[in-house]
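Sharing a structure below in structure tokens format, with a few things to ask.
Letters A, B, C, D and E name the chains as they come in the text, with residue numbers starting at 1 for each one.
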Amino acid sequence: MIQKRFQPPKLVNEEDSYLEYFYDKAGSVPGTLSLETDAEAPPIVLIDYNESKATCVQLETALTCAYCLGKESVSWVDVQGLGNQETWQQLAQVFNLHPVVLEDVVNVPQRPKVEVYEEHILIIAQMLMPKEKAAGFYCEQVSFILGEHYLLTVQEEPEYDCFEPVRDRIRTNKGNVRKHKVDYLAYALLDAIIDGFFPVLESYGEKIAALEDEVVTKPNRQTLEKIYQAKRELLALRRAIWPQRNAINVLIRDGGNLISNEVKIYLRSCYDHSVQILDIVETYREITSSLMDVYLSSISNKMNEIMKFLTVISSIFIPLTFIAGVYGMNFNTDKSPLNMPELNWYWGYPACLGVMFAIASALVYTFWRRGWFENFYNIKND
Amino acid sequence: MIQKRFQPPKLVNEEDSYLEYFYDKAGSVPGTLSLETDAEAPPIVLIDYNESKATCVQLETALTCAYCLGKESVSWVDVQGLGNQETWQQLAQVFNLHPVVLEDVVNVPQRPKVEVYEEHILIIAQMLMPKEKAAGFYCEQVSFILGEHYLLTVQEEPEYDCFEPVRDRIRTNKGNVRKHKVDYLAYALLDAIIDGFFPVLESYGEKIAALEDEVVTKPNRQTLEKIYQAKRELLALRRAIWPQRNAINVLIRDGGNLISNEVKIYLRSCYDHSVQILDIVETYREITSSLMDVYLSSISNKMNEIMKFLTVISSIFIPLTFIAGVYGMNFNTDKSPLNMPELNWYWGYPACLGVMFAIASALVYTFWRRGWFENFYNIKND
Amino acid sequence: MIQKRFQPPKLVNEEDSYLEYFYDKAGSVPGTLSLETDAEAPPIVLIDYNESKATCVQLETALTCAYCLGKESVSWVDVQGLGNQETWQQLAQVFNLHPVVLEDVVNVPQRPKVEVYEEHILIIAQMLMPKEKAAGFYCEQVSFILGEHYLLTVQEEPEYDCFEPVRDRIRTNKGNVRKHKVDYLAYALLDAIIDGFFPVLESYGEKIAALEDEVVTKPNRQTLEKIYQAKRELLALRRAIWPQRNAINVLIRDGGNLISNEVKIYLRSCYDHSVQILDIVETYREITSSLMDVYLSSISNKMNEIMKFLTVISSIFIPLTFIAGVYGMNFNTDKSPLNMPELNWYWGYPACLGVMFAIASALVYTFWRRGWFENFYNIKND
Amino acid sequence: MIQKRFQPPKLVNEEDSYLEYFYDKAGSVPGTLSLETDAEAPPIVLIDYNESKATCVQLETALTCAYCLGKESVSWVDVQGLGNQETWQQLAQVFNLHPVVLEDVVNVPQRPKVEVYEEHILIIAQMLMPKEKAAGFYCEQVSFILGEHYLLTVQEEPEYDCFEPVRDRIRTNKGNVRKHKVDYLAYALLDAIIDGFFPVLESYGEKIAALEDEVVTKPNRQTLEKIYQAKRELLALRRAIWPQRNAINVLIRDGGNLISNEVKIYLRSCYDHSVQILDIVETYREITSSLMDVYLSSISNKMNEIMKFLTVISSIFIPLTFIAGVYGMNFNTDKSPLNMPELNWYWGYPACLGVMFAIASALVYTFWRRGWFENFYNIKND
Amino acid sequence: MIQKRFQPPKLVNEEDSYLEYFYDKAGSVPGTLSLETDAEAPPIVLIDYNESKATCVQLETALTCAYCLGKESVSWVDVQGLGNQETWQQLAQVFNLHPVVLEDVVNVPQRPKVEVYEEHILIIAQMLMPKEKAAGFYCEQVSFILGEHYLLTVQEEPEYDCFEPVRDRIRTNKGNVRKHKVDYLAYALLDAIIDGFFPVLESYGEKIAALEDEVVTKPNRQTLEKIYQAKRELLALRRAIWPQRNAINVLIRDGGNLISNEVKIYLRSCYDHSVQILDIVETYREITSSLMDVYLSSISNKMNEIMKFLTVISSIFIPLTFIAGVYGMNFNTDKSPLNMPELNWYWGYPACLGVMFAIASALVYTFWRRGWFENFYNIKND
């Protein structure tokens, strides 16, 4: 194939993939799908329900979907993986998909957006998965194609999604998802995706709290790298949520008659959540920027302490060493009574030591008055 | 329950809770309320008044509210606490509340907003309570549901609110609150909430003034932490007031016929106050940013003074020590008249001391000319 | 009274009052006026004119204004001070003022704004007074209530205003103020207020020029404080002019039929001036921000010079002192011909001094080649 | 000719030409073309196709184009180079071009834009060519004049373009370019240009990743220059893509009936790509800004390590040297029993060495406790 | 007169006048002109042309213009200087100018703008003149009053304008200026003014390139001042071009029937140029900001090098000096065999020197391993 993915820079761990965008080779045919030729057909799960009953079945081929299009019940076709060329030919045929739609769905990742077509609405969203141990996250594209009675969802990776609770609610008829139409199902899934951002944010909250602690108590080289990395990842997070917020807004405003007024009320609350997420991300970004400044100040503070230590030691001993040096001179006391008569005094040596002690005391007192020693204790306590 | 609160990072004191947002577990049923199952029913206080009389009664159950809905008099139902599931089933039934509204009211905290429904308007606001001793504040969500003749308010915490003066004005018929409809009551409460921001701001004003003083006279490690914390809390404050301002604007613009033109005039003045608050918050944020820069400069200045001190001491004594070292050498004066003849001179030692004194004086003069000593006195005076 | 003023932080001089905003105690009755109970009634001056004649009279009580409302001539009622409760009851009665208007006019300071009511327009403006000696300014609220044939102005302080030239033009019939209606008078006064910003800006221009000079030639601790203070005051200045600009724009756009098209042309030029002021304030703010950076760089530069000095002195004398130390060792030359034979050489001492001189010269040459000494001369010339 | 190009500053390599803009000499006749008088006529290639067949021919003179204007088939006239005055007289005549259009097409570079004229649409775009070895790019203007059945493209440089895949698709009837009208051709070429930005971005991604590595592990003088240069080039990149994005938006919104709805769907996807590019460029710019801060912190960190080293060495040896100096004094032990009796003690020398060792050990222990030595190992490992 | 000019701060050369704005004394009569009472009448040049012929004549008095108002031919009245009160009385009378217009034209400098009046359009523009030797520019206001058949232009200074090429094109009938109406003339002059910004920008481009070179190779105190000054002048430049761009946009949008559609096409290209200029100015401003950061880093880098040098010298010689000091002690070797027996060893002195050499070598090797010496060579090469 002629396409490849755009790879952004990576600082720390190689698996960070949330900054990349898909891009075509310049001049390629629009609608060219970037699929591995030998990929297997993805699992396609059909959940069909109305208020009274719900069935869940894994389809053999994509063509099988066709039969459910004419029905009044809600059909959720969940394509779990990007699959191969054949799958998409069949899906395009069944759901009457435009090549541009196909491209957006398959050539992941795309920017989150909502595009309203005549027969259906295309929704591109980014689903976040928190990493198990470290702060950070994986990011997976989920595409929705919302028709009058059907919802086609396409997931980039089959291993993980956050839709299980929704499936559960359909299966057990919990909540009122089965009382509503397919637009409510689309809302429920979108809401699950948006709510999935919060745990990721929470992990960053904890990371930033740890960094705040570190930057104040014992800033070191790694602190800086961690702050920088957090800043960079929050940048990526903002890039994921910002267009998603706009997309939901477009859905509310321009959804046409595929989105009922009832569901728009629910979408508004979903929109509110995305605004909250953006709020928190922006706040965290400002905090990390301030942390960088605090770090720089801490480094300067540390330097000050080091210099104070050097200055105290040097200032005390350099004058004393000079005095010792003077009385180490070899002027001949025999040739002249003016030549270092102190050396022959009875109290010469004690007086000399006394002068040294007095000078040292005066300097120590001066430094103590300026409060330089307090800081030494502070450092020790770190 | 499946929900939990989103916890942001905390620098200093553990009780700061104003950065958190409520979030659902991804995929949970919309309208799921995050309540403690064993919570008691909250106190529900009904204040019912018209121009001629006012009654205040604590209701036994939420269902009792129903009787006041048909009346022309103004009914203010004040739910003081989030209560339990049962309370909300009853309230939802009496006031015909949408699940999404319930969720916004109960799953605190939410972002301040105004949403206009057919029968009522939902207003979410954040009420600030200044901390007693330190700068800082607690934050509590207050929700308003404003109908034609009733106002339902829900407070997150029962212990504190800033509505007492309004209750007093109703009780004593002071001002003209009893001459107006329920929309005026909603305004009066909102206004009380907005005015409650000012004392908090004032405490930050004092804190910043203290920091300005500290950063200039004796900047230390704690100063930096304090500036950073103030910046962070002002960020949180802005996040509380910014959407509140927009919410009031929405209320004025889209309030429909539940808000009379007369009350809109009052709301405009309330809007003005929220703009003023935002103004002050932004100004304070810019000031704290500048303070960070001033702090950094102060640290550099201090370093300069330390280095000057070290340089003065070193520059004066190192050359002198060298001279003393020279005359401490053991070249044999007996072997050659060229070997350190100074040692045997009559004026050798005084001359040597004289040279040392001359060098020291020249250096001191040089430093004095450059104005280095002035700064020493400045430091001492700190 | 229950109200108090909001006090922002103050760095330098206690009289800076331009950052404060008035705020109500939370929950107080709207329309509560913050007046000293024992204040005297303020002087109220009525200037009544048409094209042919103009009279100026100080009114005994506010009620006296009533007689001029029915007349066709222009009546300018100038209330010079905030006065007491009684004055405002009378004025509210005569001019039919809404409690919210009263609050805005009396509870100073408010944010500049224009509010259009049915019978009149409320204009809140901030009048600047440059300080006599230092850069800086006082700020006073002036409120306009513009009716069909009357203009009510309320000044916060009676001592000073910038309206004297306008009064003079009315008195002497200079310019065409007496040929126009009352809307032109309102323009003329607003224009006087806006033009009053320029001298204040000019004083900041001079201050910044002085700071630029200082930061480059001899930056010190006070320089930083001055830059910081200028930045802070410009922030306050922007807060005064920004809403004023918007207010004038609202007046042009929404003034209704109380503002004639002829006067709108004049107001446009007044708007242009406020934009110019904002322009200059923004430019000054950017310049002070840059100055802060320049200051930091200057400090670093100074540190470099200090360190260079220390390094030069240390680097030259430390090696020499080492050599002197070597020949000060007491190895016994009698025990072994290998023990410091130099001490007994004929040319030992001169050779030793020669080596020292050579080393010192080489080091000095190295430093000179790197251009370190040039900077020393630069410092001296400061 | 009276025109010349505007040359921006250049840091590193002389061929960077992407910051320049063309400008006229003030007062020159509009429509004056900046062409070399002795330039040859550029190659003009006509590709004419409909669904059934496609021909490609190099035209002798521009006038020859005229014959294809009346035909229904799609005619793509590709002018490969800016050519000379005569060419443009002919083209202006054939395609009825306004002098302002001519100026925009010929006087390169212009800012990307779309201008809709009566008979045709002018599209100015910037085509990027990645440099072979280094990060960086060349930039070439491509102008489109899109009529009802024809597309005139003008390339600044004949050597390179990214249109070859499109030509190939026309030739081999791959994709559906030959099934569409001329507006689809314009889209296909624009899309090729937009997709050509991605490889350039990718090279910057790699460059930034390398810089991140460098700034953390071994920051040096060149690192700073590289960061600065990357920042500067990204600034240029943003200037190229920002107006291009707007231009495509104008095309979608105001394209009139020259752009069919079908093609607008494709252009929307093209617009999405340009937004993605802008996104990435902005992210990279923020990252480089942060890198600058990280660099500064790294430098400070390094300084800290250097100072620690100096302080450790000085603090240990200066006191010891002082003690050695004391016992190097020449007080006459014969004259007084108080004069340095230690010198004559049996254990004098070992005791002295022991004291020195104890002091050194205490100091080393102190430094070790503060963790200073850990950092030394870190540096070594760099 | 009562007016004076507003003077902004000036860093370097006293003639910088591009930051000033004219301001009235507060309360002065609108329409008061700030003219020197004893100024002579300015030269007024009338160029009258139609397609067939063009005449150019210097008018005796402004009143003479009146005769050309009724004619169909294009009359360009060029007032070269601000002149005196009498001139403006005559011009106001002939062209029916509003006092506010007069004020904008005469009380220079004003902010660039376009104001549409009933009979004419007022255009205020700033014309730039590059300084001969240094980067920098003079700035002169040119006002246009565009009527149906006439164009009145007023220049602040008579000495210089950039209109000569336009006059030439009218005289020699080059281009098509004489084929168009007066609106085209206004465009041609505006275009000349806009194009006059480019040479100024170019000089800044060169200045910035020189600064980039300087900041990297040998940053010094003057570099900082130069960067700061460039930043400040670019700020002024932006303030000149930003409103000019908006003014041209207003002209295109609201020009009414005084601007033909044909000329609007030309004005669009003029607008594009002003956007390009703004683009470049913004880019230059961001570059100078980055340069400031680079400068600061360079200073820190230099400091690092200085400290490394000091550390290397000190670290090597301080331990050696200590050893020399030890063997310079006077412990009595006669009293005890433990007292400095080394002094009497046969290989004592060589062994001592050997130890010193070994220590020095080890330290030099350590520093070399850390790569400290490489940087020394770099500095020398500066």
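By our rule, a contact is a pair of C-beta atoms (placed from the backbone, for glycine too) under 8 Å apart; a residue touches a chain by one contact, two chains touch by 3 or more.
On a predicted model such as this, the values are computed, not experimentally measured, just so you know.
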Distance between chain centroids, defined by C-alpha means - chain C, chain E (Å): 25
Chain B and chain E: spacing of chain centres that average the CA atoms, whole Å: 41
Shared interface positions of chain D, touching two or more other chains: 296, 300, 303, 307, 310, 314, 318, 321, 325, 328-330, 340
Chain contact graph, described as a line, ring, star, complete graph or other shape: ring
Ring topology as an ordered chain list, initiated at chain A and continued via chain D: A, D, E, C, B
Partner chain E, residues of chain D touching it in the complex: 6-11, 19, 21, 23-32, 98, 100, 103-104, 110-111, 113, 115, 220-221, 224-225, 228, 231-232, 235-236, 239, 292, 295-296, 299-300, 302-303, 306-307, 309-310, 313-314, 317-318, 320-321, 324-325, 327-330, 333, 340, 342-350, 352-353, 379-380, 382
Parts of chain C lying in touch with chain E, wherever the complex brings them together: 162-166, 169, 174-177, 188, 191-193, 195-196, 198-199, 201-202, 205-209, 212, 216, 265-266, 268-269, 272-273, 275-276, 279-280, 283, 286-287, 290, 293-294, 296-298, 300-301, 303-304, 307-308, 310-311, 314-315, 318-319, 321-322, 325-326, 328-332, 335-336, 338-340, 369-370, 375, 378
